[in-house]
């Protein structure tokens, strides 16, 4: 049964995306319920896949019935099933959320928007599920292309940001493609499991080294790792709310997933650790990403732009977890893929809701938001605390494992960077919380009469379709923290390659 | 040395092409030139792939003359070039075209807004309008 | 920008030239790429898929999911263009 | 040691957390229902905690595992005598504070009362969590929750001062949290366990002495910030802008005590007396604490703002507790641990009095208190009792702790610390007695009502009770809450193994 689910997870959103124009042509307002309804199926199937993987172990699904090195197969192990659940869950939430945002910002473009939305989700899930390096490239391009287009329809400056993203993203994708080419030339195979068998005797070959280098750089570009992050802030910031809420949590995380997959499954961990010094370099880049992202975020007055730089820093977290190359660090990295996806989704959803309701994203204009939008702000606060690393929210636990990993690897500076970053996050988020919850410190409008201050502030909460995903995400932040032990013991510890 | 250079001449060609493309993508100010650079870059990769599938003295992988009646004949692998890179590149070409298409569409959006496709001019306009 | 571009290009170029050292020669029929997976396509494809053109056989059968992806890419690009370029009916033309 | 598995510790923590959300749900419109949640939770919590005391006194340990993350890495409650002591202090004083808070916020018609009671309840949950933690990880989790739960209370006034105080508070405590996180991760890496063990577990970690000293310094820094150990005390007087019940809770019961409790856990249950003696850091620790005691005493003299004066007195007393532990002798430990309880009761009385003065007479400064004793005899009487107690004069409970501390200094053959305790007692007298004298014997100021006119009963009754209790504990140290038995048991455990 689970095998069928594996196929469904790609096919359903794909076919459904073809129907969106048809439905939209008939009745435009049916697009939204259609997309939401369709996205429930991947969520159910991915949960069922995860369940199957947990009980019976990894399985694969041969497409068109051809045996692996010749045909393409989907591989579902703990890691991919886990990321699949994250992707399908967050995309469903963002889809639910998108209703008002799309009605408000893009009334003309509802139909192509939802089509591309589904295609983006298809692409992301394809990347995660496939067991073939070239097939992965194809899905990477599907997600990237829909992402470019969705970003380009954002606010002022979006087309320029999208074009930069296209150029740099294509460099990344092409480097990845080149990496595949080099691997293919040295081994003759494109299947991940097959490659993993063939590669070990070839580890001294220059071709393999170059392939590995291109993979790493290409994926670092896609993941937005410093200093290849230059496309990221503008692109994520100018995109429409519903789009940035989908891509900010997922795109970089999926790229990080591919990085883990290639470095630890296709290549043996000992290659990535002993033969190439790539992890030292990556680790330091990640440190710089954390520091740079933090400093840039501090300089922003726009809430969304601030979050975007936080995304840059968060990529650094995951890459540090990968670069320490030990069991604990990698556990932290995989856990952080999930935690960060949920936290970022929640923060971007909240930002979108605030923009929708108040029309501003400037931090200092957010005063009295706790009265106007109590639930939204409560969700924001919970997630902010999680970003700072306050237990029992989930951010604490991934940070804990990441720090344990760096200690085990003896990388003190990396640990220090992680700790500094939580302090920077504290400054960033408490600044917002102060503005939103407390009386404004400079009474800017107090001069025109004292009574305006005491004016009763009416509750003006975000619409229901926005609020539900926000609240679910915030609850998720707490629950994932509390159950992180369970998640690690039942899923993540099997997702970490056994050779550690 | 010369033998070495000649024996791998396909690599040198594609490496040069790729460097040209990459330079244009990063270094050029004009957005269309960047796009052209992107196409050169992608073409270089396509050339590389296709050249890996070549076998000296082999022909295109179409089994002409092997109709239904001749199915029993032994097929010599060395006589036909490797079909897989071709397949991959068909996909890559399509991807490249699609990317170019999307890129051009954004260029149209940019041109509509700023009336220019020079990066520095656009940055200047954006600075002036205070975005 | 030009300096950064030059540095990036030279680094990439060096890496590529370095890697070319261990590459199989041009047209080598015994390179792994030509001898591991692909011979089976040449040997079997006609028989199993009844298509004389092996490239077509691989494209449409063995690796048909790539091809499906490829069509989806085109579809995505087309919709992307529609999304970006479609204007309001009462807009300023185009 | 017998282990009893029971979910009571969990309920003790959860009860106020549940109440916090009920408070939030009830909101401003039904104030009486909202306040009844607070009271009910306070009483329920105390009963749950207190019901476990007999078990602990039998020498048993109560354990409850919440979740296991990894082998050796789990959230777990384990109540030993030392934790029980802190738990009883916190939960019993919460009842007093709850009543008092109601009187206070209603008396002043404070804004954002729901948030206030919510944060208060969360604070208590995390404090009990800290008290019952079985290992450093659990401790850290609740410690961080406490940090955040206290923040809304510190900034409660939302004035510029309040916000700045809040920022300073966060800057200090979150930095400390980071350092702690790192140190704890380090310890886990070295030993594979984080469980508190009477007498310490770091001795067999195999780390070099440099690493151990560094870790010790980091842990003490991390907990010392909350405990107001100099030079990390800066935030504490600044945080005085908070409403008085908050200061009372902050300074006497929950937050700073959590810091001290943490320091003691580190000294006695992580590193252990034996190891600290070998490393020689106990002496440095003792000097830092002595420095804090003396300097804080002098700084207190210079404060006119009553609450700031009390804050420095708090810093002084907390350092005394830490010094007691750092001297590593039987009597000094006993003195230090019992002083946690005694100081709590006395200091909360003092803050309650300061709050009553603020609500009723709108007086915040020491210089305004002339003759106030005639208007508010009960309040000032309680103040006098607590102040005398803190100075270490018999028969108040402060005497007991000072006695043991001085004995400890002698046992450790460090006469200098005896002088430190003496100086501190002298300074206590110097900064408390003028207040008592002025309020009762000086000619009343113009704005003082010359006849009996007390603060609301909601406020007076709790402060009188806590004052009386501090006399009772002076005469019968083991009364009601069995603090003395628990202290001796804890000390026995520590020394029995170490």
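In order of appearance the chains are A, B, C and D, and numbering begins at 1 in each one.
We adopt the following convention: a contact is a pair of C-beta atoms (placed from the backbone, for glycine too) under 8 Å apart; a residue touches a chain by one contact, two chains touch by 3 or more.
In this text the structure is predicted, and so the values were computed from the model without any measurement.
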Most remote chain, CA-based centroid, reference being chain B: D
Middle chain, criterion being Cα centroid separation: A
Computed distance of Cα centres, chain C from chain B, in Å: 8
Centre-of-Cα separation between chain C and chain A, whole angstrom: 26
Chain B and chain D: spacing of chain centres that average the CA atoms, whole Å: 70
Interchain centroid distance [CA atoms averaged], chain C/chain D, Å: 68
Per-residue multi-chain contacts in chain A, two or more chains: 134, 138, 141, 145, 148-149, 152, 159, 184-185, 190
Contacts with 2+ other chains: residues of chain B: 22, 25-26, 52, 84-85, 88, 91, 95, 98-99, 102, 105-106, 109
Interchain contacts, given as pairs of chains that touch: A-B, A-C, A-D, B-C
Residues of chain D that touch chain A when the two form their complex: 67-70, 74-75, 137, 140-141, 144-145, 147-148, 155, 158, 160, 163, 166-167, 170, 174-175, 177-179, 181-182, 185-186, 188-189
Touching residues (chain side chain C, partner chain B) in the complex: 1-2, 4-6, 8-10, 12-13, 16-17, 20, 23, 25-29, 31, 33-34, 37-39, 41-43, 45-47, 52-55, 57-59, 63, 66-67, 69-70, 73-74, 76-78, 80-81, 84-85, 94
List of chain B residues in touch with chain C within their complex: 7-12, 15, 18-19, 22-23, 25-27, 29, 51-58, 61-64, 66-67, 71, 75, 77-78, 80, 82-88, 90-91, 94-95, 97-99, 101-102, 105-106, 108-109, 112
Parts of chain A lying in touch with chain B, wherever the complex brings them together: 134, 137-138, 141, 145, 148-149, 152, 156-157, 159-160, 162-163, 166-167, 170-171, 174, 177-178, 181, 184-185, 190
Chain A residues within the chain C interface of the complex: 14, 18, 63-64, 66, 69-72, 108-109, 112-113, 115-116, 119, 122, 126, 134-135, 138-139, 141-142, 145-146, 148-150, 152-153, 159, 182, 184-190, 198, 205-207, 209-211, 213-214
